[in-house]
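Before I ask anything, let me first share the structure, which is written out below as structure tokens.
As written, the chains take the letters A, B, C and D, and residue 1 is the first residue of each chain.
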């Protein structure tokens, strides 16, 4: 038996989490380094996965399969397709930056007793989330996926509720109350989604008699598994609801701004750049493969919701006064694009959506982390408290601008490629929706530039006049992300090559073909 | 009698059933509705004796005797002991404190009773085999044969249960002294520190006429002082308030003394 | 010969490298930043000249070159490449962009000498050059889009270069946003091309244009026009150009006069085959051009800010180009020709204006100029030549190119031809008027900038900086040399191009050419233009040359006031879009908080209320619990009996 | 007489006992009511034993008695210790189970 590479990729951060949590209270710097090293080692493993993955080979590769709960046919079954590989790489890539950016975020305050050890907990929880996210991307057993999809909530809950942003307006108690509100809201929304999904998972087992994605998909494809139309639709909705909450899709989005606003910036990045991707990824992998007919049936409604997300998220981002909430609403808009791309059911749309997941992870991380550095300097999240930062901290302003430009999908930066693919893919099948979605790019420019203008330009406010520019650690976080944004904007081929075959497979699952160009169709 | 009880019911038994049954039900009702626990216990004992008779009538001679000796004799006496030990408070008020509890309880009881009776009525229990055959070797022997064969495990386990219960009761009621008993001096010092009653409590009784322990002493203004009566009596409400009487007595005394003095005054004049 | 193609990428790479080095280099490069920037931009120009020479050495139909670098976005059915195409049209632009760009780099060395962020400025300029060259060299629409947005970004950065001024930051944002509206057009056009042709590379799309339906072509054309409107400041997306003058003057000269704003014209001419197949779209293009032509001219007449007056003029001149481009093969070549000559004289005029401002303490109000010809003679002469060129003085560049456009407009034929021609003719007159006004107010008349000359108006606080009287002086050589070079271009380019229709033949392989059927002779048109010119100059002279110019602007007529406010277009935007948008977002924030969140929170609250009521059952009394047990037992018995009964 | 009457009597006594458990607050009386219920069951068992003609019912009744004895011992001990700590034998005073 070959080396269980996928298990190792997920198990390494899990073990790292335990080890980090066990570091004695006084050695908190050691805990940080340990966490960073573990995350880097995971990145190396993820890269090995990427290299070992053969885009032209089988659909699921590096598979592992062991019986787990044999009475119910639950198996510990792992395997990756191109989409999974790309997202695992994204996750493993972002976590070191998250850790590095949050280097001081969980240092205990002086008022804490010496036995208090939040630092260890913070980094251990981050690694735990990483492990669960990675295994969610790998699981090809529906039940296994469900377990980690839900278990992810636990560390996330503690990360949001336990480690708040120290930059807040109002009293500490007030902030703590808001934080716990945000954490509970996060938990309840996602639990509600998860419970409905659980019902659907059980229902699926009753109907299909198996939890194995590959078995069910194969049986559906060769017609040996017939599902009644109504049953399929209900099951699809059960799955989709959970993923739509996680993604988040309008109108199930309201937990995100709260969670992102109250959490520390690295955790906010973790939420939007990593954890939420599981939702969109699962739509692509589970909804479409397991319920192709129902997916097609629901497409118009989902596209409309995605469209609303795009426009609505962007409009609300324009109206925000809080930097982090603004980025949160911008993310809602971007998730709208991703979902739209998935359900456009064209190869451009789905490739674009998958690429979008990767790119959005990187670009939001860049923007959000720089915003976090800015916020930590001034101790305020309100846009109105800033002004003229560009003059005192040009590098910070510059990186912030690049992050912003990536968010508004400037050509040359990575998100443009994916956004344009999504738009083209949608337009090819649903021209009206594609055209309306295009207006999102103007709104994106609006909220980004208004944010930049209000914080960075204009006369220097006295409060920011002594603001230091980016430090080496911070630059170390931002510079690679920006380099990656530019690289993937100019040369996205390495990623699209991996993604493309998987997308073709998915499309053939739902039995959709790309629309023919008019001129060729006429011939 | 043995044969009769074994397989059939006679008119005598019917008469006995109706009379004693009534007694049993009344006893049960009294158990529930008597204010004082002692009375409840006595009523229950009565019911149990009636039940013992019914056991005998049904051919369960051994059980009938055990019911009287063990249950009524030992267990009910245990109850009485505990009542003496614990039930020093005043008789329970039967007033309900939980809203709707009584009505719900009565409703449930009524419903449950009716349902049970309906169940029994529905069952076809007309067959009546009698115990003649089972008791042919003697009731006790029959029981013993079953207990030591078929039910031997249950029997052993019950024995273990009894031992456990005995130990448990001892553990529950036993209080280990974990610290040295405080000396009189320490107790006195504690009293001073806490500012409680320093001197001995005042004695009960009013003059020489009412010196029983249940009569509170009077304060100078004529009101009774509860402090003078033992706490147990206080809680039971068994205080005899004689303040009015005492004041009357005092007045009479003064009057009589006045009369006598007046007379003497008059004589002096 | 084949090696020349490999140089194409260098055209873009050189300034891109400059931008990267200058922007990432940090303060260490402060001292040499401007040298690096200028050198790399000049390198790009030199490469352009080499390629040009190479191209001239070939036959007319063999001149297009292409270079495929790598596959950019390969997704099933959607193949975007990073590949360049250099044909005569691109070549023209390359030379214009890198040539004028290099001159302006040179000019900026002097102009920005005292700015501590000069290195950064050159970095942005190089970035702009790279993006603009990418735009004209791309061999497909998607890559063009990259350049298109790239110049938008550079323009954003440069307009907002003095970010500490809120007005500059706002203007930059506005420019980017309005451009983005135009970009919607470009993206939709590309999507339409993809669904129509299955590709968006120039060759296959334009080659197959006649196979597609006219409806499709019209839609693509209109979307391209929308994009062009955004980038080239055409009505209705013209509002950003005036505000863009907040940027440093070299930026205004390079980006907002000579090159970037003409990208729209490039786009339309490049997509000629599409428009040829969509007459309706062409008509809309000409209408937009004609409207903007008048709009810009009228606005230019009323502005007292020298740069804004020139901006109005730019708008108007690009209106001419768009008009010409909308005429189809009759006009494509002339649009480009006017574009080139306009690049020379308008850049020259802007640089002149910059030079004037440089000597006048950055004062931009023409009413506070006057009589400057004595103090800055070189500026006066170069500006004057540019002035003569733009109004179409016979023999100068503008005369040749503009005249041809007016002719072509008439040549469109029919009523449209007459109307368009008339508008173009009228525009020529107005151009003469406002340019004469600028000229007179700046260089002739009283020296109104002297303090004593300023009439003491009670109640008017003097503007800041008025305390120290300006000392007008000629600018340093690094600034005057580019002005002189551009003046040469303004004078001779038009004539050179027109000898034997040289320019038209040069472009013909790309754009095609058609004489059309002019209803009137070329001579008549020229004469009419001359008449308009004389009338325009005359009126301006009567108004401004004969009497003193008031330092404070008079109230003016209704039209003047409207024109000063950009014909209320900005106010309209403000009320409808900005205010409306603010209300919309604010109400949406409210809706999100109360309605969307409220539904969820309401559900949670009602559940909370329900459980609050239910928990009262949990009162802690064992007897209560016993009742429920007993009740439960009763129900069980009942259920059993019922089951039996059934 | 129909021996089923014994069963009716047992049911009646059981119900009275149960109602007593619910109504009374004095823990001792509650306990007595529980005993009453147990005895009612015993009666039923004995009656069943007679009806079926075997002694198993009596055996069950016997065991019930033993268990009841054990229960009484422990229960009364609990009451005593409860009274020591709370100075009350009311079941309502032990209401810490509420939220």
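Operating definition for what follows: a residue touches a chain if its C-beta (ideal position, glycine included) is under 8 Å from a C-beta of that chain, and two chains touch if they have at least 3 such contacts.
Molecules present, by chain and UniProt name: A = NADH-quinone oxidoreductase subunit M; B = NADH-quinone oxidoreductase subunit J; C = NADH-quinone oxidoreductase subunit L; D = NADH-quinone oxidoreductase subunit K.
All values reported here derive from a predicted model rather than from experimental measurement.
The central chain here, found by comparing per-chain C-alpha centres with the mean of all protein C-alpha atoms, is A. Put simply, the C-alpha centre of chain B and that of chain C have 103 angstrom between them. Mean C-alpha position of chain B lies 15 Å from that of chain D. In whole angstrom, the spacing between the mean C-alpha positions of chain C and chain D is 96. Note: centroid distance chain A to chain C, computed from Cα atoms, is 37 Å.
For chain D, residues touching at least two other chains, in rising order: 18, 22-23, 25, 92.
In chain C, the positions touching at least two other chains are 619, 621, 623, 627, 630.
Applying the touch definition to every pair of chains gives A-C, B-C, B-D, C-D. Chain B meets chain D in the complex at residues 5, 9, 11, 13-14, 17, 21, 24-25, 28-29, 31-32, 37, 40-41, 44, 47-48, 51, 54-55, 58-60, 62-63, 66-67, 70-71, 74-75, 78-79, 82-83, 85-87, 89, 92, 94, 96-98, 101-102, 104-106, 108-110, 112-113, 116-117, 120, 125-135, 139, 142-143, 146-147, 151, 154-155, 158, 161-162, 164-166, 168-170, 172-173, 175. The touching residues of chain A, counted against chain C in their complex, run 188-189, 250-251, 253-254, 312, 315-316, 318-320, 347-348, 351-352, 388, 390-391, 398, 405, 410-412, 416-417, 420-421, 423-424, 427-428, 431, 434-435, 438-439, 441-442, 445-446, 449-450, 453, 456-460, 490-493, 496-497, 500, 503-504, 514-520, 522. The touching residues of chain C, when paired with chain D in their complex, are 615, 618-623, 625-627, 630. Only residues 1-9, 11-20, 22-26, 28-29, 31-33, 35-36, 39, 42-43, 46-47, 49-56, 58-59, 61-63, 65-74, 76-81, 83-84, 88-90, 92 of chain D touch chain B when the two sit together in their complex. Those residues of chain C lying in contact with chain A across their complex are 23, 70-78, 82, 142, 145-146, 148-150, 153, 156, 160, 163-166, 168-170, 172-173, 176-177, 180-181, 183-184, 187-188, 190-192, 194-199, 208, 211-213, 216, 581, 584-586, 588-589, 592, 596-597, 599-600, 604.
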